[in-house]
Amino acid sequence: MKQYPDPRFQPPSAMDYPRFSGVPSFMRLPLIAPEDAAKAGVDIGILGVPWDSGTTNRPGARHGPRQLRDLSTMIRSTHAVSEISPFAQTNVADLGDVSVNPTDTADTLGRVELVYKSLVLNGIVPLTAGGDHLISLPVLRGVAQNGPVAMIHFDSHTDLNDTYFNGDKYTHGTPFRRAIEEGLIDPQKVVQIGIRGTNYEGLEDIAWGKAQGVRIITIEEYFARGYADVMAEARAIVGDAPTYVSFDIDYVDPSFAPGTGTPEIGGPNTFECQQVIRALRGLNLVGADMVEVSPPFDPSGGTAWVGVSLIFELLCVLSDATATRRFA
Amino acid sequence: MKQYPDPRFQPPSAMDYPRFSGVPSFMRLPLIAPEDAAKAGVDIGILGVPWDSGTTNRPGARHGPRQLRDLSTMIRSTHAVSEISPFAQTNVADLGDVSVNPTDTADTLGRVELVYKSLVLNGIVPLTAGGDHLISLPVLRGVAQNGPVAMIHFDSHTDLNDTYFNGDKYTHGTPFRRAIEEGLIDPQKVVQIGIRGTNYEGLEDIAWGKAQGVRIITIEEYFARGYADVMAEARAIVGDAPTYVSFDIDYVDPSFAPGTGTPEIGGPNTFECQQVIRALRGLNLVGADMVEVSPPFDPSGGTAWVGVSLIFELLCVLSDATATRRFA
Amino acid sequence: MKQYPDPRFQPPSAMDYPRFSGVPSFMRLPLIAPEDAAKAGVDIGILGVPWDSGTTNRPGARHGPRQLRDLSTMIRSTHAVSEISPFAQTNVADLGDVSVNPTDTADTLGRVELVYKSLVLNGIVPLTAGGDHLISLPVLRGVAQNGPVAMIHFDSHTDLNDTYFNGDKYTHGTPFRRAIEEGLIDPQKVVQIGIRGTNYEGLEDIAWGKAQGVRIITIEEYFARGYADVMAEARAIVGDAPTYVSFDIDYVDPSFAPGTGTPEIGGPNTFECQQVIRALRGLNLVGADMVEVSPPFDPSGGTAWVGVSLIFELLCVLSDATATRRFA
Amino acid sequence: MKQYPDPRFQPPSAMDYPRFSGVPSFMRLPLIAPEDAAKAGVDIGILGVPWDSGTTNRPGARHGPRQLRDLSTMIRSTHAVSEISPFAQTNVADLGDVSVNPTDTADTLGRVELVYKSLVLNGIVPLTAGGDHLISLPVLRGVAQNGPVAMIHFDSHTDLNDTYFNGDKYTHGTPFRRAIEEGLIDPQKVVQIGIRGTNYEGLEDIAWGKAQGVRIITIEEYFARGYADVMAEARAIVGDAPTYVSFDIDYVDPSFAPGTGTPEIGGPNTFECQQVIRALRGLNLVGADMVEVSPPFDPSGGTAWVGVSLIFELLCVLSDATATRRFA
Amino acid sequence: MKQYPDPRFQPPSAMDYPRFSGVPSFMRLPLIAPEDAAKAGVDIGILGVPWDSGTTNRPGARHGPRQLRDLSTMIRSTHAVSEISPFAQTNVADLGDVSVNPTDTADTLGRVELVYKSLVLNGIVPLTAGGDHLISLPVLRGVAQNGPVAMIHFDSHTDLNDTYFNGDKYTHGTPFRRAIEEGLIDPQKVVQIGIRGTNYEGLEDIAWGKAQGVRIITIEEYFARGYADVMAEARAIVGDAPTYVSFDIDYVDPSFAPGTGTPEIGGPNTFECQQVIRALRGLNLVGADMVEVSPPFDPSGGTAWVGVSLIFELLCVLSDATATRRFA
Amino acid sequence: MKQYPDPRFQPPSAMDYPRFSGVPSFMRLPLIAPEDAAKAGVDIGILGVPWDSGTTNRPGARHGPRQLRDLSTMIRSTHAVSEISPFAQTNVADLGDVSVNPTDTADTLGRVELVYKSLVLNGIVPLTAGGDHLISLPVLRGVAQNGPVAMIHFDSHTDLNDTYFNGDKYTHGTPFRRAIEEGLIDPQKVVQIGIRGTNYEGLEDIAWGKAQGVRIITIEEYFARGYADVMAEARAIVGDAPTYVSFDIDYVDPSFAPGTGTPEIGGPNTFECQQVIRALRGLNLVGADMVEVSPPFDPSGGTAWVGVSLIFELLCVLSDATATRRFA
């Protein structure tokens, strides 16, 4: 039986190796190949999917995982408010980047699906750093291999469109339409929060989503009600179902996170982002992602710093859920 | 009689021409010369005035119209909240940049006035992208050729100063003093919102404005009362008078819009900016401008993205007012 | 007896010398050597300490004073809300940068201490632009030479750690632990506001601080109560004791102030920063600093603009306290 | 019969419309749809192909045409050395951007091919702004529809690879392998200049190219012989055959042109670039392209300024060849 | 009689005040008002003219003097090759920025002229940091108050145009046409080196210059002959006449100096720039300027670093000429 | 006996893992702890030393190793000219970053020395990525533990100064003075190439170096003679002695490598840098370093790209020397 904290899964001390030093794995965790993860005792695997060929607007998210790792070494070990130390109660490792094919979408979707199916089969909870939002689709194929999951989705866009350009069904604007069609997420248990920005004519994506039962909370509703009220509703919707969390960095206002392909003004600040993730504690979380960080549009790394700060927030609630299930 | 939507005034589909492609006219609208606009059936003309020689501090606003156009191609056709589609109910066109003379202020003021007088005479509603704030003066000479208009003015500065340097009366710090003196705006129907920043000694601009009857709402009052209350007062002040809207990008906090010449900290975020513009719906709007975007101080384009997102908000309420007058 | 306003201490008119012109002293004030300051009648001296060798993470704060001076020339003379004109009621001068030794911490601490001891002995109130936060320690050795002072400290970190790396006791993470140990600040009269960010395991700094009687207000408590309530408590804690104000730029959210070495997301905006400083009016303020502005991480100068805008806020309340004491 | 200079094809005077003003078409030329170009009398069409989905490394070239147009408005009308004024002797127009599908390579190759076939069929000489280097392939399908052409190719890479990733044959590293296989260029009349950078093992691309008869001139040979000697050989190889010129911006040293996806150090400066293009004068040039400008990697526009300065050089020699053929 | 080295004119030791510290005067020299300079014993005065309202294209040179001063503190005291130490053999001081009026060209020309006339009358040799190139005109009015001087001019443009826009005679494209017309420079003793870039039609500026006897050396001639040969000719042309040196930063290739308003590719590198200035040693130099550094187009300061490195080169040869005249 | 190529030391194929993917070790080599390197069969170890507390001017080199690793993943396996594939003939690994103490120079020097002594004792050839230039001193203590070595040093500064500030003997301006004093390098076999920049008065460093027998080749001599001639002399000086190569990125002209603390204009381009390193082939090389890359002064990564491209050049000649010694 596993013992915690496991010394193999502790980041090196910042007193011996200052935070700016060393090859940057996520949060300076051990780097383990996906195929070795189960045997090594990994509970939660952080993976990068360096992909942006599903992007319909400004590219660059393929460089996201690397910049996120770079900034992640400034993260310390313990959450200031919840006092959760994810490394103390779960074995967390960096499983590297999934192999992608930047010139072939179908090939890439297959590769990602394969890796995640195997991880989930082996009981490893995946936390993913994108990449554009299309990658949530093959991740969900892995996460939901035993049936549809609930989803809480933070974004300024629904990503519920049907097709782009010449009828292409697989872009970063379509993953959740596909996921519903494929039975990976249960639309009655899907909440989308923060939706905003100008619309293509017809607002077809929103209409379709509502028709399936997706709960779409616009940014106007969000600010009018406040995050606590909104998150209470979100928690009620997903209940105790296995729940996936998808966080598009463009949920955050672009002044906090300019490094993304399709920014929309009028979004929440980072304090609000922290609160909505903290409000996920206690849910039956089975996976999460942070997508659409595009370093070429923010070489300063400020966006990636927001991204990894929120990945740590996600990790804390995921770790808590994982530790809870251990004793269930 | 005009038919709407007029197919000649629809942006190309983003499914055929992705939003990053094409020569960037404003919102990918047709480009029509001002002198051809009336005949072509234009209702609302968007014009650039690439000018910054009235700038007393940091220059660069002459490059504003181009960067605003560049970013504007990411705007889609329909407003997410009001569901207004300005291109469906009015004929909107990009009328290009007005010819300016960067080394001669008087010459430039004359050229701009001439173009706007002609447009307004022909019933075309102007929406202007600056350029420094001095350009509001010759625009108002066109808009108010039949008598003073009301004005709602978003800014961190009053722009009510008398002279600069060696007695110069025409700088970006003086346009509304001149406009009141020239009878272009009715000071009893002028509201200035968001005023802040350190002051020259004496606060003469504020004293003068108040003496004329201008309602000056500081940022402290604004935040204390909330935008809804402030905008209710603003609407009451202008009533149903023909109303011009002038929006200086430095109204927005500089973390959202660093690309401007005279930033002042402590300003509103972009969500608040969207709300104050939406609150203009139903007024008798006869023109608007967005000024002081200075690309050299924000090559990333983030400021211009805020600028054009707000220009679209302005366009929606202008379009609504224009359509309403059609049936009045 | 001194007469105010003293013409020797007025910045040149921006009408004769535009704000972008001239060698940039702080707020375009006269530049006087520290050893000549008392004789010249200086009441408040603004000094730079260009130092970052106490930095444990990302360096660059040694370049802070210069960029702060550069941006400071955009400050005008009068506070918009309080209408305080610090140059009218006190003699304020730029006393230049203290000589530092970037490769020797002990040498530098001694040099800074010497300068500040002499200034304070001569009745000059110091306002300091860092430099990393370690410089508050030798400044306090000067300010508190006659006994411990109270302190209001705005920061995302407590800077109450004991040692770093191989037992080093003097870094930018330890100044206030040392200051309490040395009896420079009275821990019962110390308030720390805005604390946040991930923690090293054990949260030893917070535990130690609380044990000494330091009042630590996390950002969560801050936002829950609101700034007015928090500042009322802070004022009550320091009472009428001589009070030092230390302001780390990383208190501000990094979207407003990215140019710093250890940013933490989820912080207050600049409007809130203005309010908390304005709430210091009426306290018995004896010195202040603004530290950790690191220009290499924000070459645009936006962070420095926030920094000097807040330095002007600090100057106004310091000037008021100084003028008040004159008649006490 | 056409008359030159044709007033319809003259850029507006920079004395009336300063170069920073106006919607940026290429060199401020008239904007004409490709399908209208022949009828309008266009001799040379400048087109953008905003495409980077063939990119195997760092993306962003899809944004190239727009930034190139932006900077192109600083180009004046006359070549300083040759005194060629292309607008005086040929009708040059901006034909806009070709419609592309960023998520479907085959679809895009077809669309581009179609446009270029039609243009060339109508006697219009194409000058293309990429986009990644894959776009040269469909352009050549248009240019070489009546038989293989010669090619002078400036680049740091051969782009003669066979496949990438999972056997993909259409990437920006393969266009000229495909072009040779498809009989679009005659390998005996292809010269590649400037080849450098580390190699994949085996140097298969170079071996294959040499086996076909391609003349590959490394950067070392180039600098050892000097540009005059190299260009004399290049001219001899293509002789009077119809010749296409392909210019990858990564031919230039990255200090001059950092905004590209796969930079290689040790390249020529821009003066040398000007000379090698000028040395093309007198050849039977039938088309040219400038590819791989990637604005996200150089938001300053410096790379695009190099790019359009060289596009103007290309235009001058293309215009000369076009005018020459008119009287042939 | 003056004694050299004069301790009042030595920069502080970088061992006491590291080069990144202190209020940045030029090369950390004493700051003296122009009106006090003669009495203080100044031989050479370095002045800034923060002006760009003569700019026809991209503005920002008004911010040049400040950024040049900032970077200048990295300059050490002794020339590595000539071993000239200008501070040892002449009294050099920073005379601050001349007061300018950014919204009034005529006013500004007058102010600058006045200052320079007075300085030159008092025997002080001026070294000027611009500002746009128009400022050379009022400087020359001061320098040449006793008769026309010779000039060696490094630039990519002739600045010999007649008028811009609506007949404006005073822009940064016209100063030397005016200077010849006003008899300030003797066209038979004027050499322009490095001329390049596309031309307005007609090449009128070049034709006019040649007609006056100006020797115009294009960049092509420059590179063909080599700098030694070109500078030998330049030296012969000016002979022992009092000679002014005007150096436009756009002479340097934009990869070295991107921060300027009108860059032209294909220019010399900085090593060549150093050599051409060193070749001025022994001439009867009476003043010099470095103009057109525009910080908003290079916030990194790299361009300013080139600028001040070359200002130091100019200072060395000016100092040598000044010291030589002392014993003449 | 070792077999080459050893499959354990091959980077993953860029066809399976695109170059932008994966945790960035140097050139995507295996990551092995220094203490495990000998047992694992490593021939050449690449290490980072993330250190800049010896910096007297602008800091940031502590962030060098990470940015160099990031860019290094764009390096392919084979040298284009020599066709050396270092991974085929030697076992090369990334040994991570040495643990440093940013607030204690003596502590850090000891730590670095210890690691390098052990590596060299175990026959592993070190290739180091700095960090500031002080780190060459403890590296040499390891490399020269059996007696002084020869050194070829590329730099714009001699780094032969005695002390800084208050007599500090260990800064990035003194390492080679110390190394000569400690008998680590034989001054008769030391060549310094590229020396330039302004000098502190007295030029004491140069005089001292010459007195010891160091051959100092200024940039002027370098350009006058050409690199081939200079390198022939350098090779003759070191002969077949064990030779260390130290390469300061500020040797390169700052237009190619702006990201460094003390740039000096007038340096060589990157093609020249490649040639001088290639000219080291055949020497008895025993170690090398690349220092002073400071990412905060070039967030674009262009400088790091130059740095790693040259590290690969260094690796090729080091690998060749290592392979040669195997059969000696």
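Order of writing sets the labels: A, B, C, D, E and F. Residues in every chain begin at 1.
As a working rule, contacts are C-beta pairs under 8 Å (C-beta built on N, C-alpha and C of every residue); 3 or more make two chains touch, one makes a residue touch a chain.
Bear in mind the structure is a predicted one, so any value in this text is a computation, not a measurement.
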Contact-graph separation of chain C and chain E, given in steps at minimum: 1
Label-sorted list of chains bordering both chain D and chain F is A, E
Could you tell me which chains are in contact with chain B and with chain E alike? C, D
Mind checking chain C against chain F and telling me if their interface is mostly the same residue numbers on each side, over half, or mostly different? same
Return the chain whose centre of C-alpha atoms lies at maximal distance from the corresponding centre of chain A. E
Averaging each chain's C-alpha atoms to get its centre, pick out the one most distant from chain D. C
Centroid distance [mean C-alpha coordinates] between chain E and chain D, Å: 39
CA centroid of chain B to CA centroid of chain F, Å: 56
When you check chain E against every other chain, which residues touch at least two of them? 16, 18, 20, 56, 58, 62-63, 102, 164-166, 253, 255, 269, 297, 300
Chain-to-chain touches, reported pairwise for every pair that qualifies: A-B, A-C, A-D, A-F, B-C, B-D, B-E, C-E, C-F, D-E, D-F, E-F
Give every residue of chain B touching chain E within the complex, in rising order. 52-56, 58-60, 62-63, 101-105, 107, 164-166, 168, 170-171, 296-297
Where on chain A does chain B make contact in their complex? 56-58, 164-166, 195-203, 218-220, 223, 253-255, 258, 262-267, 269, 297-298
Please name which positions on chain C make contact with chain E in the complex. 16-18, 20-25, 31, 48, 50, 62-63, 65-66, 69-70, 94, 96-97, 99-100, 102, 299-301
Contact residues on chain A for chain C in the complex? 14-16, 18-20, 74-81, 83, 85, 88, 253, 255-256, 269-271, 273-274, 300, 302, 305-306, 309-310, 312
